[in-house]
Amino acid sequence: MSITYLEAIREAQARALAEDPRVFIYGQDVGDFGGAFKATKGLAKEFPGRVLDAPISEDAIVGAAVGAAIEGMRPIIEMQFADFSTPGFNQVINQAATLYWRTQVPCPITIRLPSGGTSGSGPFHSQCMEAIYAHYPGLIVMTPATVEDAYSMLLEAVAIDDPVIFCEHKYLYYHLKTDRLPTEAMPAGKARIARPGRDVTIVAYSAMVHEALAAAEELSTEGVEVEVVDLRTVKPLDTDTIIASVARTGRVLVVGEAFPWGGVTAEVVARIATEGFGLLDAPPQRLNAKDTPIPYHPNLWSAHRPTANSILAAVRNLLRL
Amino acid sequence: MLSSVSEVSAAEIVPQVSKDEYLRAFRWLLLARVLDEKLAALYRAGKIPGGGVYLGKGQEALSVSVGISLRTGDVYAPLIRDGAGRLAFGETVVEALRNCLGSVLGPMRGRDGNVHRGRPRDGYLPMISHLGAMISVVNGVLMAKRFKGQKGVVGATCLGEGGTSTGAFHEGLNQAGVERLPLVMVVANNQYAYSTPTSRQFACKSLADRAQGYGFTPHSVDGTNLAECLKVLGHAVALARTGNGPQLVVASLLRLCGHGEHDDASYIDPRLKESEIGRDCLELSEEHLLVNSWASKQELSQWRTAAQRAVEEAVALVQKEPSPDPYTENWCALQTGRFAEGGSK
Amino acid sequence: MLSSVSEVSAAEIVPQVSKDEYLRAFRWLLLARVLDEKLAALYRAGKIPGGGVYLGKGQEALSVSVGISLRTGDVYAPLIRDGAGRLAFGETVVEALRNCLGSVLGPMRGRDGNVHRGRPRDGYLPMISHLGAMISVVNGVLMAKRFKGQKGVVGATCLGEGGTSTGAFHEGLNQAGVERLPLVMVVANNQYAYSTPTSRQFACKSLADRAQGYGFTPHSVDGTNLAECLKVLGHAVALARTGNGPQLVVASLLRLCGHGEHDDASYIDPRLKESEIGRDCLELSEEHLLVNSWASKQELSQWRTAAQRAVEEAVALVQKEPSPDPYTENWCALQTGRFAEGGSK
Amino acid sequence: MSITYLEAIREAQARALAEDPRVFIYGQDVGDFGGAFKATKGLAKEFPGRVLDAPISEDAIVGAAVGAAIEGMRPIIEMQFADFSTPGFNQVINQAATLYWRTQVPCPITIRLPSGGTSGSGPFHSQCMEAIYAHYPGLIVMTPATVEDAYSMLLEAVAIDDPVIFCEHKYLYYHLKTDRLPTEAMPAGKARIARPGRDVTIVAYSAMVHEALAAAEELSTEGVEVEVVDLRTVKPLDTDTIIASVARTGRVLVVGEAFPWGGVTAEVVARIATEGFGLLDAPPQRLNAKDTPIPYHPNLWSAHRPTANSILAAVRNLLRL
């Protein structure tokens, strides 16, 4: 058997529906059609009445999820693309994220955001919004990079009593495969050493983990051993694991696919600088997408986001510092 | 088609408003007015932390009619001018004051304040400020109740006419229509959104004209008339409760106070003040009581005194209560404590 | 009231559709269909960078009627299924292809693609993907023209029935109503939003029922009938142009293709395909031409061949054009270059 | 004459309206009423037909501004509070911010966001949203801290051919006064040394500049000379001025009123760490608000945001590192 990242997301939802009667799924085209990416394929039939097509109303979709959560349900929301969560932004950050702090009533909702760039998708179907949501108190933001994590973290997201923004990467949907789904898993909130190494640390998350690993393979042939840290959850950030890796290597590059101002790379570098300053043998480095909207044409797109090649160049540069 | 359904059921479901019901509503209305007056006084005396006080003067007849038409198990998401409805739905004066004065014993424990209060687990939803945002939340509660097989419940929420211009209003109503939820959407058209007159807010004759576009049954009501409000709200709630789908109630009235107590509302057209909608629902209902001999002048004044006493006692109690303490406060916005970040210092 | 105004003006302003006008529209319709067919072929051949192709099959009669009713100085914000309207408004086949194939000579120079194209300075606005978001942009252009004292202009924009569920749709229509702008809002109810049927999208009988709530004049039209579309759109545009305020046109039709070319649309109810709205507007208009002896079979086939040749020539031209080059690209999202940040590396 | 920060904002708008017929103002209650904070007081009368009340439709307000800009106007939008810009978020980041990159047609709009905390304003009338907007390519984000900057930067915002998010701080509205409006000004995009000092740098912006200055005064009595850098514009960031100050002092604390994850402090610390690593004698430090919604009660509110006192403590700590 071979399971893709996308199928793992479907399986996790199937299991959540099967095991917990409080779970339901709500989003555009998630019902009989099975979702724009087929992440809910077959679930409407398997769980009648629990997988509901929504109108094109992201604000009301999130609002309804909050209401249902107040009443004890555990909704999973699918946004058709992360980019289309903007009309629902207000309900996420002001309604869902503040509910528990204001009322002590938890808000167990999971919002799935099909995120990130794929070739030719252009400015409005490629965005990474993890940093926007992570800025707000009251939200947990997950960014799984592997099939196993897509599965186990989504299950955990549904089980958690707080709102979870689940950033699943569209580029990984079909590109990543595994043999079997995990039976046990690292908890959310913990980063993972995706590849051990002694010379330099690359901190990455989501699709960028794989670009980092590819760069690490290449560098390994040159005798440079890169440690790759996969953040898994960007809020909360597992600062301990990051700092421990930097302690081992003394050099760190932080890679993110999002826009350069702010974002995960800024937060991670800031944490390393404030909490692990003495461990650094060289200035920490960052690599982000370019500071423009995400371009449509594949030529431009592949230059816009970080890739194994640009990571390679950045690491080589870092080793010279 | 829908409205003919409503005409039929109206007669069957809703009897005339009885003396008892009217009196019960009137007492809440009066209490709400007295509480508002006290809040205004506390505001002027600088006793409200930070500052805003938003009152419901002139809107109590409508508001109380919503609260009183609901029952345990129903859902209620009132807005800024719904002091009366809140009391009728089961909020206490103490609870209201705690929230306004920031008592740590209040429903929001000082974390949120003034009109932002509720008990979500009791179906009483605390508003966020963003207008329109509560509608879909009520929808979600109603969807959850349907998932759980609960029948005969109603969700009601209120908004000013200005709030109808938000995208959230539209998405919420459309969603309720598609799901055919037992939602009662109450729009208080008090002629102004802060300073903005209706001519700059919408371009239809009546906001009830929007009902059809969402598959809602429309209702219009004179918001100054308590008997009419009780009847129309009772009717709308009964329709929703008995499976007739979502209801839109649009009330005409005038805000008889500032947007908040900081606002002298000098922009309000004097002709509106002198018109029928400018009348005070409290005075009108007192007249109604007297004319029908449902109450004597003496009783009216006794009731007011009783309400004042109740409010004063509550104020005295709440003012002695502790304020929140930042040092013992649990500064964590997550239920799942292990996911808390220390915050990056 | 508004609709009675509209009845009166209708007769005065809009004559019957003439042979000339019909033929002109038909030629654009045909060209759009041929271009779409070519785009589908290019998609299947893997020639479209990245991937999506969104076609207007079955919606050309409506779309062309919008584009052809506008004139220089008007504003047009088409959506994904408006290939025909774009051509009629003045876009060239080359321009369309450049955008879809990512030519650096295209209107978006490869930065944005497929249906996201336009020339804002010419009143032809490039859509963003977020449904409903273009409406208020058109309003803004119309407000600016009013500031500048320009009279007799119209703004038209299109949306599917699914897009009417967005908050942006509501805010945009309400805004146009309040400002009484010469906006023509065209809703193509093609029965599905991607896979979602209308029963999960709205709860009114017709979306034209929403016009009244915004102070718009409602118009309904059979979207498969070119003559009717030309008449109704001509009428609506004329009303807007002559100071009769915003217009809402709701067309009934069926999407005769997938949501995008990746989609086999197997979810479409076969009964809809066989119903009146499932008819192909191209075939119907060809029949209309033949029945009225406005064209012969031979002419029809010549026109198709001519359209095909024009499209093939454009493809050949555009395919030779350079793709954007990331090394010479100006990676700056600001007009004010001095505010560009290198980006934090 | 004495002019407040708020009056400066009014005067800048009056001047922009007077000097450029393309300028108009659009927002809730901005007309005859003069705005919730009176920032447009009298302007509707002075400039008939050019100061328009809007419905409660933030999405459509921003959308219309973009349309008007396309047609050559230069709209100033007032959001009633920064917090209420969320329903307009989509139009800001996806419409306004992408227009120039996609079409080469500039989008000269100014969006005024009455921002930041004041006592008793609670979770929904106190937010700082500068970081959210700064994340997106295509926007300029200004955060004036002085009456002079409120005036001159707003004029510049209106003159700039790109969309500007103008974060004016409500706490400063009445608290800050000056004698006369400036006739010339530092350009936007440049940071300002608000107070020179040799021992330690505090980087701040908006209301926090004044908390930093108060802390600096106090420290000065103890013989510690703090240099305070006022960012003025958070996007673009004036990294050169920041780094130059750090070069002088070797120690830096970055203070922001926003939530702790991400935000301006993360971006500034990340820039210092990557570009000025060798200049640091101690780890760079950050001070933000707490990671909860902004509380209503004054007791909680004053503990939630950074103040002169907490800055003092942070600097003392930094000097010991």
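First chain written, first letter: the chains are A, B, C and D, and each begins at residue 1.
Please note the rule applied: contacts are C-beta pairs under 8 Å (C-beta built on N, C-alpha and C of every residue); 3 or more make two chains touch, one makes a residue touch a chain.
Only a predicted model underlies this, so the values are computations on that prediction, with no experimental measurement involved.
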Chain whose mean Cα position lies farthest from chain B: C
Centroid distance [mean C-alpha coordinates] between chain C and chain A, Å: 36
Averaged-CA centre spacing for the pair chain D and chain A, given as whole angstrom: 30
Chain C-chain D separation of Cα centroids, rounded to whole Å: 40
Residues of chain D touching at least two other chains: 54-55, 57-59, 83, 86-87, 90, 94, 97-98, 101-102, 123-124, 137-138, 235, 237, 261, 265-267, 270, 274, 285-286, 290-293
For chain C, residues that touch 2 or more chains besides their own: 108, 111-112, 116, 128-130, 165-168, 171, 174, 178, 200-202, 333, 340-341, 344-345
Category of the chain touch graph - line, ring, star, complete, other: complete
For the chain C and chain B complex, residues of the former touching the latter: 165-171, 174, 177-178, 180, 199-204, 207, 209-210, 212-215, 245
Touch list for chain A against partner chain C, complex: 28-29, 31-33, 36, 53-57, 59, 83-84, 86-87, 118-125, 260-261, 265-266, 285-288, 290-293, 295-304, 314
Touching residues on chain B, where the partner in the complex is chain D: 48-52, 102, 108, 110-114, 116, 128-131, 162-163, 165-168, 193-196, 200-202, 267, 323-327, 329, 331-333, 340-341, 343-345
Chain D to chain A touching residues, read off their complex: 59, 83, 86-87, 89-90, 93-94, 97-98, 101-102, 123-124, 131-132, 134-138, 235, 237, 258-259, 261-267, 269-270, 272-275, 277-278, 280, 282-286, 290-293
Touching residues on chain D, where the partner in the complex is chain C: 24, 49-50, 54-55, 57-73, 75, 87, 90-91, 94-95, 97-103, 105-106, 137-138, 140, 160-162, 188-189, 235-237, 267, 270-271, 274
